[in-house]
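Structures incoming, each one as structure tokens.
Each of the two complexes below includes chain A, the first together with chain B, the second together with chain C.
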Partner chain A sequence: MPAFLDDFLFSYQSLIYSLGINGLLALSMYVVLAIGQLSLGQAAFMGLGAYTSALLTLKVGAPFPIVLLAAMAVPALAALIIGAPTLRLSGVYLALATIGLGEVLRIAFVNSELTGGALGLSGIPEKAGYTIIFGSLALALIAFVLVSRSRIGRAMEAMREDEVAAGMLGVDLPRYRISALVVSAMLAGLAGAFNAHVSSFISPNDYGFDAAVTILSFALLGGIGSPFGPVVGVVILTLLPEVLRPLHDFRLVFNGLIIVIAVLFMPHGLLPWRIGRTGARA
Partner chain B sequence: MSGTILALENVTVRFGGLAAVEAVSFHVEPQTVHGLIGPNGAGKTTAFNLISGLGHQSDGHIRFDGERIDDWPSWRRAQRGLGRTFQNIRMFGEMTALENVLAGMHAHVGGGLGAALLRLQSFRAAERAAILKAREILAFVGLADPSARAGNLPYGDQRRLEIARALASDPKLMLLDEPAAGMNPSETSGLIELLLRLKARGVTLLLVEHDMHFIMHLCDRITVLNFGRKIAEGTPLEVRSDPKVIEAYLGTKVAERLEAGARVR
Partner chain C sequence: MLKKLTALAALPLAASIWSAAALAQSKEPVTIGAIEILTGPNNKYGIAIKNGFDLALDSVNKNGGVLGGRPLAIAYEDSAGNKDQAINAARQLIGRSKVPLILGPTLSNEMFAAGPVANERKIPIVGTSTTANGITAIGPYVFRTSLPEADVVPVTLKTAQQKLGIKKVAVMYGNDDAFTKSGYDVMKGALEKLGIETLTTETFGSKDTDFSAQLTKIKSLNPDAIVVSALVEAGSGILLGKKALGFPEKVRVIGGNGLNAPKVMEIAGDAANGTLVGTPWFVGKSDPASEKFVDAYKAKYNMEPDQFAAQAYDTLFIVAKAINDAGAAEPEKIKDALGKVKYTGVMGPFSFTANRDPAETSGVVVIEMHDGKFRQFN
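And now, the complex of A and B:
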């Protein structure tokens, strides 16, 4: 590796990690939005993954692949539990229930001995790196593209556009809703595990309501016409605070302003391109 | 009645104290066009929603293709061969015309998650076959451009596309809710021509429509509802001369005058 690249990667290491981790979070948001549902529990799923993985590494000394699997399985289970009663209904029930999940978990993390209370957990070894983080992101993107271009992708877009009409074509609505939420929770949990294993320190406040809204804004800013939209949103929203650093105290004002302008004038997001839904050329 | 595709038996639905549909029974025979007519508020769309599973009756049974479907959700009914269109078109506007029709094939096109991810030979073959069939259906309903964005199509074409999408699911029974609503006369006659070709193909249709010319021209049998009750049933000729039907549509006085006129003649 050339020396300048090595230096660059070293100086901006945590920023580049954030790009990959946020990319996974944005995709976890995308799966849910892509079928027309709204979840505000992505941060909670991420927190579950982060704490599960950190505890397994610190207290049990489990091998990293097992840790990652568990960090996906535990949020998936939470998604099943919270999804089963709410996803039979359409509308905002999922959003409300997931906000509730986030608060309950945050309070549980703050008050539990096991999770280190408000101080969180520290001394987590740095086991994740560029390869596994960006490899996972690339795999997830490829998987989303392949699924989009199939009957599953068509059913998902149909649900987002008109759930009643999708149901009248034989799309099993509850099954699609619960599957999307479970996949979403697994991706967020994986992102949480990476987060814990690159930053060496996690605390309950990293996974609160603010984080949930930030994750939602990745997808809204980038657009959900294709899985690439949310990733574009991540690049902008992760780099913007760095680029705006010279503005000092006005940084967050400009950050917010740019998001508002983008949402107002580009309702389809920064990347309005829509992915095709056919699985072959004929 | 063994060949009956759809049978309503004493179906009642109440919204609070109001019975929107009350003790309605009728059945639809395969390969026929059956009309469901009545003045505004007669309960036609409510009946359609009960049949397609978007609402559930308070009382009575619905049989479809020999099975009691009372507790089935809409997608299960659709999977078993019930298709429908809507009074206010429900298009997937962002998708292309072709993708809309492919979405209509959801219950038949193969390809689970694994097959889609691995892009198996069989998956691609199934997709290719589906695309060819979707093109055929689009041509059948008279839509020339498969890659047009559905939301950009003119109104009459959106109606055609909605019919194409329902047709794609290869339904045993297709419900059409006011297909000619909002159409100009030339679009309407084009639609009649399309539905006659559907009928010739052997598709069973149940349709709600206000355009009497349309109904009389197409239907083999007609059921008339008024205030949620069935008031008449028969061939177009029988229904047209039924005094109860005339009364429902035109009021008591006109009905009396018509009857008096008939006697004089």
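And now, the complex of A and C:
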């Protein structure tokens, strides 16, 4: 590899990793928003995945593929357990309940000796790389595109537009809701495992309310018409703070300003278009 | 004719200016990197540190720079207190700016994230304000000039034991913050070692504002003192709560590094009186080097320096000395030179241990809060 490319990749490595990891998180938000649910538990699922994977790597020394599977399975299980009671809620009540879940988990991490309490876990080896992170993101994107062109995708869109009508037309609402939550938890858990294995250090406060809101903003800025919208949101929100670095003290001001302008003038997100369906006629 | 003469006279002058400029040009600056919190809620720490660096930098460059007359320069990167941004900043300083050494980052959490990056690329990284346990265990390229809590807190507790005859205490700590938790771990060990009895250990969250439940329980146990590991806001709340509950005046609060801030006295007012903290340095320290630093700092920034500025000030001289001793701006040589450097600055004599922590703890002073000012206690 030429020296300049090597230096470039070194300088921006964690930024490029964040693009992929945040992309997975944005998709995990997209799954629930796509059926019209406002669930803010993604940060909590990400934390579960991160801690599960870090503990398996540090304490058990498990091979990385198994670590990744566990990092998806544990949040999925948690989603199944908490899904039953919380999915009876909707709208802002579901958002509140899932924020609560995040807080409960954060406090559990803080008070557990196993997870290192407030000090978190450090010295996690760097095991994730470009291939696995962006491979996962690409796979997830392809899967979502295929799903949104299928019967399931149409049912999801119907639920988002009008749940009652969708239910009357025979869409199995509870099943779709719990499936969306489980898929969302798995993607967030996977992102958490990657995050832990590229930044070498995790602590409970990384997965709190701030993270939940950031993940939501990826999806809202990009638009939820198609799975590509949230990923575009990620690219912008992740790169902006670094691109604006030369502005020094003013960078946070400009960062905020650009987001406000984007939301004001493009309320449906930057990519509002939907995926065309095979056989669909307007 | 006259015109011609003046033009002729000006010629050598111009030439001499030109050659001086050329000389300065040939002396390429040695640029080191610094990652500090320059924006966001915790920027008061980062800015104090930057001020300390800049003041020392002026002095280093006025006295001929480093490596035989090359000016020293610092490339600052902002971390905004966020560990991901600290990693990005470290990677850019190493990969693009090619700095041979990094100062910072400000918080221990940021060091746990950025330290491994520098260590992997074999670039020395020197924390000036990272006091948590395990910082230098990251790797052989991670140094710190700040005294860890493990060095300061035992001195504070020992002084309190000797001067006040403290035998039994209550402990309170914030359990959701890395800094206050690691402070507590140190306190626990030090109390055991000194043979001081711990009556109870109470926890709180760093954003809590009401501590009456914990303090009521503590009051009923009648301790000689309350040992507290908290940040400014929670610590001030505890002091106010303690006063409101009418604790006897002789029951002092003994704090960790988190309470070592004038802000505590601003918030808690006279409820802060008698609070003891240990510090590597304080503004009223009677020492000629220290007084000179305080005067220079006040003249440049129009405010009083704190311990973070003092630690940063000393660190820059230590680093400049290491670069000179290394004889080249090369990371590996600087790393070796840092390990051997001996320097006496505003905080007292300084050298690194084999584990790259500060070797000397003789500079620690125990100070007492009194009517809005710190004063020396021991």
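Following the convention adopted for this analysis, the second predicted complex is superposed on the first by the 270 of 282 C-alpha atoms of A that agree within 3 Å, B and C clash if a C-alpha of one lies under 4 Å from a C-alpha of the other, contacts with A are read in each partner's own complex, and residues count from 1 in each chain.
The criterion applied here is as follows: a residue touches a chain if its C-beta (ideal position, glycine included) is under 8 Å from a C-beta of that chain, and two chains touch if they have at least 3 such contacts.
Quick caveat: nothing in here was measured; it's all calculated off a predicted structure.
In the superposition on chain A, A:Glu161 contacts chain B only, with no contact to chain C.
Using the contact criterion defined above for the overlaid structures, shared-chain residue A:Arg251 touches chain C, although it does not reach chain B.
Residue contacts after overlaying the shared chain place A:Asn111 against chain C, while chain B stays out of touching range. In the superposed pair of complexes, A:Arg151 makes contact with chain B only, with no contact to chain C. In the superposed pair of complexes, A:Gly170 makes contact with chain B only, with no contact to chain C. Within the superposed three-chain model, A:Ser217 lies out of touch with both chain B and chain C [touch as defined at top].
Note for the complex: chain B touches chain A at residues 52-54, 73-76, 78-79, 83-84, 86, 90-95, 98-99, 102-107, 109-113, 115-117, 119, 123-125, 127-128, 131-132, 135, 165-166, 169. Here chain C touches chain A in the complex through residues 38-40, 77-78, 80, 83-85, 87-88, 91-92, 94-96, 109, 112-113, 116-117, 121, 132, 134, 138, 174-178, 180-182, going by the rule given at the top. On chain A, the positions that touch chain B within their shared complex are 143, 146-147, 149-155, 157-158, 161-162, 164-173, 225, 274, 276-282. The residues of chain A lying in touch with chain C in their complex are 7-8, 10-15, 18, 106-107, 110-111, 117-120, 122-123, 199-201, 203-206, 241-242, 245, 248-249, 251-252.
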